[in-house]
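Please find the structures below.
Consider the two complexes below, in which subunit A is the common component and subunit B and subunit C are the respective partners.
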Partner chain A sequence: MIGVDTLAENFMDVLEILADPSRHSKIEDEELCSFLTQFLVKHKSYNILNTSQEAAVCGAIKRRYHNTPPPPKTRDLVNKLDQQRTSEEDKKSSFLDLFRRAGWAATASVDSVKDMYRRKGVANGTGTLTEADIMTVIKFMSSTFSDFDARQEQSWNAENFGKATAQLVTLAIAWLMLDAGTGLGRDPH
Partner chain B sequence: MPGLDWAAILTDLGRGNFLIPDLERFNFLISIFRAAGKASVFTLKALLDWPDFTARCSAVRILVRVPKEIFDVLGQSENLVLTVNDFASSSPLVKEKAAFLANQNLNSLDLCHAFLTLNDLNEDQQTVPIMREEFRNNVELLTLAGSALPVYLLKLMLISGTLVKWH
Partner chain C sequence: MDADRRKQNDLSRANIVRAQVIFLCSTLNDENWEDKLLELKKVCPSSMRSAELPQLEEESGVEAYITKIRKFIEISAPRIFQGKNGPQDPTGLIFRLLSEEIKAIANKPTLSYRFRDALNAEQPVVFKIFDFERFCEQIGLDGLEKSVLALSLLESPKSDLQQKGISIRSPY
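Let's look at the complex of A and B:
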């Protein structure tokens, strides 16, 4: 615990070492994963590192393995932490924030739009989708529509957004009915 | 979220400085509603009733020129300024002109009135040139439709320069 504290105090040095593949080049997957677990997971409740510092550590690991395949245990841990952090951020974000961060990729397919809704819990009935959410996103997409055109990129896709939204609403109704009838629709968490 | 009220979404779009700058953006909006199976709420009336002046103004600018394939203004209009049948006994020349006017979006009485009753025309620099051009192109329709709204008609005529020309 004290060791971890000390590392946190020398955080920038730790990042530098982690990002540089020439430092501790012989470190094994098991060792690195164990170190990261101690540093990022085991003592998480002590709030030694904040969210952005955790993201910086994950980023440093990715830079370390930028040119080589990452070792599996370390890769899985970093991916898991990234997902958890994204999930936490998603909970605090509005729909508009999600679409803004994702850019046109958010409407690249019906599934990618559904993924936006899933990240806010709409797909499984734990989140709600209001008219104001949809209206705000439509306004945002409309106001930034030509930004992509100017860069000759693919732009927002109206069809995918409309289809996915309509399907999600139908699905949410089904969850509500299921929940009302049996309680099965309730999120166990 | 028992079901989204798409009509409310469309109404709320017309608040808070939203505008439709071009046909491409109009097409984008209507495509969302179509894909959601809610094209029926994307109506002429809903757009003309947009609460915010700027939003409504931008909608009217598009509606006077939107092709029928994208949005059927006349098909959604309950009242038309004129029909070809009104000129059944007229000369071929008049019939031809009537047929042309009958197909203009401004043959929609609702759109025509919205066009004529937009307030503060002089302050909306994007709208005025379009108003002038559309007025000149559709002076007969607007005169017929605007007969109940003489003040606005006079204002338009002054803006378009038509009054000077007629004088």
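Let's look at the complex of A and C:
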């Protein structure tokens, strides 16, 4: 297919141009936003780009505006696409993977731990976590905990993790208990 | 009744504008090109600024513009696909004008549908089997500009433009 072939063949070139503010330097916000919308949203059904390539396009735009404020329409579109992609990736990732990727910053505060739960849909009730999911994270934290780093507040903060977990997963644990006892406690979602 | 009459008038007007565009393109040469170009711009402004668009659409400007691009492509076809200037454009003047217009469209993703519409023709043969890759190469488009035009083709009503691969042969 002409369009799709051309787009695939020119992809690396497009990335370079988008990342370089000296090329097409006068492109207007509306035009750039229109191009990105056509490339990343409107013609998605043609499977022109995979998820990593979509992320690379958004990354190129961020590099383009690294030293200058991004134009509003383009900025909003890129942020929206980033959020959608992160949300999709989070759904596919395990709870442990989220902590692995975020590192100790995930437990830097109670709110940051709550954010990890939110990303798995626990806070808004769309996702479920099993006791095993949480235990795996605790084991991971234990195995990678550094006392030395913790003194400099650069390691896992078990207290924050505990507080957030106690506040958010009561219901999930209750389901687990029911599940273990009767086999009927599966979350309808 | 009034609406029908208005529609009829618009159609007649569009046909006259198209005929003017074709005539002006066909009679451009080195001696008269400044005058003819001025006339061409009056009949069919380049219309690349979005702000001008509503007025131009009212005046059948888009159709005239598309007719102009088609005529430019037709006249420049020997140069683009064969590598030598054709009899209607011995000095490559029309090719230069075409290049400017195509570059302008390729830098305006909001208006790139005009390229798709310009290619949405069966006659002459250059539109029937259009070598898009070679066209972009000859015009000198970069990757982003090519991609802007390629995206517009994804919505082409012509299945050959969507489905034929890049191995399409030049008609020349």
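Criterion: the second predicted complex is superposed on the first by the 158 of 189 C-alpha atoms of A that agree within 3 Å, B and C clash if a C-alpha of one lies under 4 Å from a C-alpha of the other, contacts with A are read in each partner's own complex, and residues count from 1 in each chain.
Methods note: a contact is a pair of C-beta atoms (placed from the backbone, for glycine too) under 8 Å apart; a residue touches a chain by one contact, two chains touch by 3 or more.
This structure is a prediction, so every number in the text was calculated from the model and none was measured.
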Next item on the list: Considering only touches as defined above, state whether A:M141 meets subunit B (first), subunit C (second), both or neither.
Entry: first
Check: Counting only touches as set out at the top, which of subunit B and subunit C does A:K163 meet: first, second, both, neither?
Finding: first
Next item on the list: Please work out whether A:S22 is in contact with subunit B alone, subunit C alone, both, or neither, and reply first, second, both or neither.
Entry: neither
Check: Between subunit B (first) and subunit C (second), which, if any, makes contact with A:S52: first, second, both or neither?
Finding: neither
Margin query: One more residue to check, A:T130. First (subunit B), second (subunit C), both or neither?
Written below: first
Next item on the list: Under the touch definition given earlier, write down the residues of subunit C that touch subunit A in their complex.
Entry: 50, 107-110, 132-133, 136, 142-144, 146-148, 150-154, 156, 161-166, 168
Item checked: List of subunit A residues in touch with subunit B within their complex -> 122, 128-132, 134-135, 138-139, 141-142, 145-146, 156, 158-163, 165-166, 169, 172-173, 176
Notebook entry, point to check: Given the complex with subunit A, which residues does subunit B contribute to the contact?
Noted result: 1-5, 8-9, 12-13, 18, 20, 24-25, 27-29, 31-38
Next item on the list: Within their complex, state which residues of subunit A touch subunit C.
Entry: 1-7, 9-14, 16-18, 23-24, 27, 30-32, 34-35, 38-39, 43, 46
